[in-house]
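In the two complexes below, chain A is the common chain; its partner is chain B in one and chain C in the other.
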Partner chain A sequence: MSLATKRKLQPYLYIAPIMILLLLMFGYPLIKSIVMSFQDYKLTKLNKIHWNNFKNYKNMISDKNFWLLVKNSLVYVITSVIGQFLLGLGLALALNKRFRGRGVYQSIVFLPWAFSSFVVGLLFRWSFNGEYGVINDLLKKMGVIEKGISWLGTPGYSLAVIIFAMIWIGIPFFAINILAALQSVPAEIYEAADVDGCGTFRKFFSLTLPFIKPTIIMTILLRTIWIFNSFDLVVIITEGGPANYSQTLPSYMYSQAFSSYDFGMAGALGVLLMVVLSVYAVIFLKVTNYDKAGDF
Partner chain B sequence: MTRKTKNTISGIIRGIVLAFYLLLVVLPIYWIIVTSFKTNAEIVNTQHITYWPHVFTLENYQHLFSTMHYATYLKNSLIVTLSTALVVTLLSIYGGYGMARFKFKGKGAATIFFLITQMIPSILVIIPMYVFFARVKLIDTYQALFIFYTITNLPFCAITMRSFFEGIPYVLEEAAFVDGCSRSQTLWKVVLPVMFPGIVAVFVFAFIGAWNELIAGTIFLNTQKMWTIPIGLKALVGKHNVEWGAMMAGGVLALLPTAIMFIFVQKYIVEGLTAGAVKG
Partner chain C sequence: MKKRLMFVAALALTGTLFAGNTLAEEWTREFEGESLTFLDVAPNDVRTSYYEELFEKFYEDTGIEVEYQSVPWDDAADKITVLGASGNLPDILTTWSGWLGQFTESEWVVPLSDYIGDSIDEYTDVITDCYWKSEKTRYGDIYTVPDGWMVKGIYVRKDWCEELGIELDPTQDWTWDDYFDLVEKLTDAEKGRYGATYRGARGGFDIILTYMQGFTEGATFDQDGKILINSEECQEAFKKWTDMYLNGYAPEDSINWGFAEMVDNFKGGLTGTLINDSEVAATLIDAMEDDQWMVMPFPVSAKDGICYNTMGAPYAYSMSSFCENKDAAWLLLQYMTTAENQADYCVLTGQIPIKKEASDLDYYSEDGYYGAFLHQMNQENVAIPATYGPFDYTDLHQGLLHEEVQSYLLGDESAEDALNNICTALQERMDEYLAENPDTEIETALFVSK
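Our next item is the complex of A and B:
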């Protein structure tokens, strides 16, 4: 082999192991699930698998809960992402200035990143328990409420508890990434702005924000995708209750797949989620003018 | 307003903001720890909620080890998690380095592919894998979880590793090339020692991802002696009631290893992701 071809092949040697592995392990299941979504595929009737003429998709859309699930999913993902982002940005800005004990402080407030959503979910379920939960007790002591609220048994509230838990666990992801971006902003540009007499807000919006914009775009995109697909908090905190009022599309898909073993239906829901996310990603990157396309 | 009062006011606001975030994180942690040391009678007392254990007890922790085989779950979790984290880190080093240091055809497509893997709902991967594992008799083995955790943690870890590599000045490698080092010699002897904190950070990401995972575990494992910690704890959740005391004790023990690791590496993550001149 000539030196030139060797040179050309070199990058592929480095990325080959990971690419082959990912292509195989994501590619095969992906194609298989798309195929399943067009079939009558029940684990309990594996000998009766057959094409069913879009029946899974038709059933999915005509399901009486479908639009409730769509609404819940949107509320869940939009409020969680906005909440995490704003609180994460606030934390990053607060951490960007030196103060005594910052190292220790930082290691505590970033902790939720390391926590399992299973344990966090249970802690929230326990704290928001209507009978012996600590939240009701605190609110009563503060005089906000007189009688305990059945948080997890009330439509609206139950989804709010899930969103609260999701925001709590996700703040550090935004805070760490934005903090790193803030620390990459060269100090000189602030000095110049000070000379020009720029105020704090002016500096933030015309200097800081443009600088950290790529980080913000990428973290919001990734986080939206992750949150949209995640359903463990739903399963752990409410199991979708009461009466599907906190059920989202992915958690419904999970229950379709592993309580009724209807893999065809689950596949159809999965394909729907993928399509929605792809459309979202393309539009989001276009609207935000992200020039380093796909470069996260 | 004078400059001095302005500074005092902004200092107070910052103090309030910092206190808010601290309480937001500390209070739930306080609550899980305190609950884990209460007796069951105290935990389910609906009349009177105690903010400090009346009777301090270790019975919840004892229960985990005596009747629940927590030690077995711990062993299983460690085997699966450590092997996953090691392999993910190694693959991420090569993939991340390749993506950071070379220009090649298909690089853009490769990056977009990483993004797409993140969009695939995990259930869509789990279902066909389940069918496949059942066929090749991998259900109820460490390998099943190892394979699933490796591929699900790989994309994010590789991308993060790539950012870390991009933060390292290229002059280091050029100097090594001039001295006649090959690419892989340079990677192992020159770049990786500088990268060490970043490598530890990626290892911890993969560790956290595998250690905390519940759903795939409940699907790929059947027998109790194979269960990992989250699955073992889930058994404490009944249809109508939860053994809260044991659950909180198990939760504390489950959070401890990842929390300790994260305390040490969070600084490196911020530093590693910080680009440009300010980098030390």
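Our next item is the complex of A and C:
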């Protein structure tokens, strides 16, 4: 083998181990789940696996809960992302200013990000318990309610509790990223803006926001995908109840796989989620002009 | 736990009941050096330490090492399914009767009749004449040895009843209507007291089925395999049961309650009655004062006067078909169920022994904590109703069954639609099963004392 050929091959050899690992860890399960989505694949009937064409997809669409799950998923993702973004942005702007005890305060408010979803789920599950929960107790003492609310047993409220939990856990992620972006904005441009007589709002919308836009776009994109795919809080706080009113597509996929052991149906739901999120990512990046973000 | 531990300690110190038996027992060391694995699906401090001590004793007596593995109950079905599908089941596993359809269909467990052999005479009548008979009817053989026996009862707040001047006699039959009246009387939402501990989450349909079976002679399907619980009487029964929730005799949150929430809220003083297995008595003995609670037997059907009680084994031991040394595994199973070990285990876990010798203990006399449960076992009008069916219904039990009831409770569909959807799903499973197994004997209620 000539030296030139060796040099050409060198980079491929360097990345070969990780590529093989990725193919094994991601490629194979991905392909396998796509294959399973076209099969009657029940873990309890492994000797009766067979192709069933689009039956899983037909069953998925005709499932009486399907549109409820779609609605729940959209409400869950949109409100969680908006809530996390707005509160995370506010927190980052507050922490961008120097004040006494900032380090301690910063450590405390970033704590939720370090908690496991399991712990957060249990925390919210008990806090919102209809009989013994601290939330009802506080609301009663404040005179907001007279009778305890069955947060986890009422349609609408049960999903709201999961959304609160998701917002609470995700604020630090937005705050950390936006704060890092804010700290990279050069002070000179603000000085120039001051000389030109720009007000606070003008400076924020014309200077700060465009400067941190790439970070915001990427953070929103990542969080949307993560939140859309996450099912742990749903499973821990309500298990999708009552009557699927707090169930989302990923948590339903989880229950299909690990409660019904129907990996065919779970595969179909997985493929649907993958397609939806891929399309979302492409459209989102296009609409937000990500490639032009940060240009002045 | 103190009270129960004291009893076990007293047993150990006196050693009178089983001393002769223990000394005479010599265990073969034929399998010395072998190792086995054991899976517990309901681990807690009491069970785990019991098993670990037992396996140490087993090692001393036989030279066989046993590795104790456990999985929390909520994840057990998933874990076992994955282990079974990948051919990695432990040698002996604790199972739940609702999973047995899945296990036998998948051939993950082995028949035990040949192993049990003549030792069948050592077991109590309820095990041989009901439990194993039912298993043979459904699956064609015996696949499990119960770890203990549980009878359902209704736990009642005795102190609340005394306050309200309600008199209850656990030695007399009472009807479900009497129970509904009691629930209504005990409810005082202003005081934060509810009469019923309603189970709305997973497993919530089980008790509704039992109540409805009071109108179908304890059956779920007729002899032609047609579902019986969609009759008008059953629809009325379905509404009557769910009215307890809709009328506010149970906390609103209970639409999402499972086993843990039920027991916690009864113990905590929120609810006045709790329908559950004798297993719960062990918890209440430790957590509550004796004058706070009592146990009433299961009510009888107003239609035929029969008390349908889903008594059975909460968990049972089965042997995995992947086990490489089945004789050694059987030895372990025998060891776990000797009269002596059975007595210790049952006292600690709140169960009734399956071996005749162990069930003679004073602890299980009719005037003890378990009186109401044992009383039911000796009545001629007590029967074990049929299960959902011989097919695999794990997925329905994990989802559709309670979700349909929840939908009705939330006003999303009528009671008739909810029950019809449940019946349709069960009927489809039965038709499919009968098509593949045309010789299946359809389950009927089994009388305990006949």
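One rule holds for everything that comes next: the second predicted complex is superposed on the first by the 272 of 296 C-alpha atoms of A that agree within 3 Å, B and C clash if a C-alpha of one lies under 4 Å from a C-alpha of the other, contacts with A are read in each partner's own complex, and residues count from 1 in each chain.
Keep this in mind: a contact is a pair of C-beta atoms (placed from the backbone, for glycine too) under 8 Å apart; a residue touches a chain by one contact, two chains touch by 3 or more.
Just so we're clear, the structure is a prediction, and the values are computed from it rather than from any experiment.
Novice: Once chain A from each complex is brought into register, does chain C clash with chain B or fit beside it?
Specialist: clash
Novice: Which partner does A:P186 contact after superposing on A: first (chain B), second (chain C), both, neither?
Specialist: first
Novice: Looking at A:E131, would you say it contacts chain B, chain C, both, or neither? Reply first, second, both or neither.
Specialist: A:E131: touches chain B and chain C.
Novice: Check the residue A:F164 against both partner chains and state whether it touches chain B (first), chain C (second), both, or neither.
Specialist: neither
Novice: Just chain B (first), just chain C (second), both, or neither: which does A:S255 touch?
Specialist: So A:S255 only meets chain C here.
Novice: Tell me which partner touches more residues of chain A in the superposed arrangement, chain B or chain C.
Specialist: B
Novice: Can A:G241 be said to touch chain B (first), chain C (second), both, or neither?
Specialist: second
Novice: Which partner chains sit in contact with A:T154 here, chain B, chain C, both or neither? Use first/second/both/neither.
Specialist: A:T154 sits against chain C, while chain B stays out of touch.
Novice: Determine, for the stretches 112-120, 130-138, 220-228 or 256-264 of chain C, which one clashes with chain B when the structures are superposed.
Specialist: 256-264
Novice: So which bits of chain A does chain B touch that chain C touches too?
Specialist: In chain A, residues 131-132, 258 are touched by chain B and also by chain C.
Novice: Residues of chain B touching chain A in their complex?
Specialist: 14, 17-18, 21-22, 24-26, 28-29, 31-32, 35, 43-46, 49, 91-92, 94-95, 97-99, 101-104, 107-108, 110-129, 131, 147, 150-151, 154-155, 158-159, 183, 208, 211-212, 214-215, 219, 230, 233-234, 237, 242, 244, 247-248, 251, 254-255, 258-259, 261-263, 266-267, 269-278
Novice: Where on chain C is chain A touching in the complex?
Specialist: Interface residues on the chain C side: 77-78, 81-82, 85, 102, 105-106, 192, 200-202, 251-256, 265, 268, 270, 392, 394-395, 398-399, 403, 406-407, 409-410, 412.
Novice: Hey, which residues of chain A end up touching chain C in the complex?
Specialist: Residue list for chain A touching chain C: 43-46, 129-132, 150, 152-155, 158, 238-239, 241-245, 255, 258-262.
Novice: Under the stated contact criterion, what part of chain A meets chain B in this complex?
Specialist: So the residues of chain A in touch with chain B come to 8, 10-15, 17-19, 21-23, 25-26, 28-30, 32-33, 36, 87, 90-91, 94, 97, 99, 103, 105-120, 122-127, 131-132, 134, 137, 168, 171, 176-177, 179-181, 183-184, 186-187, 222, 225-226, 229, 232, 235-236, 250, 253-254, 257-258, 263, 266-267, 270, 273-274, 277-278, 281, 293-296.
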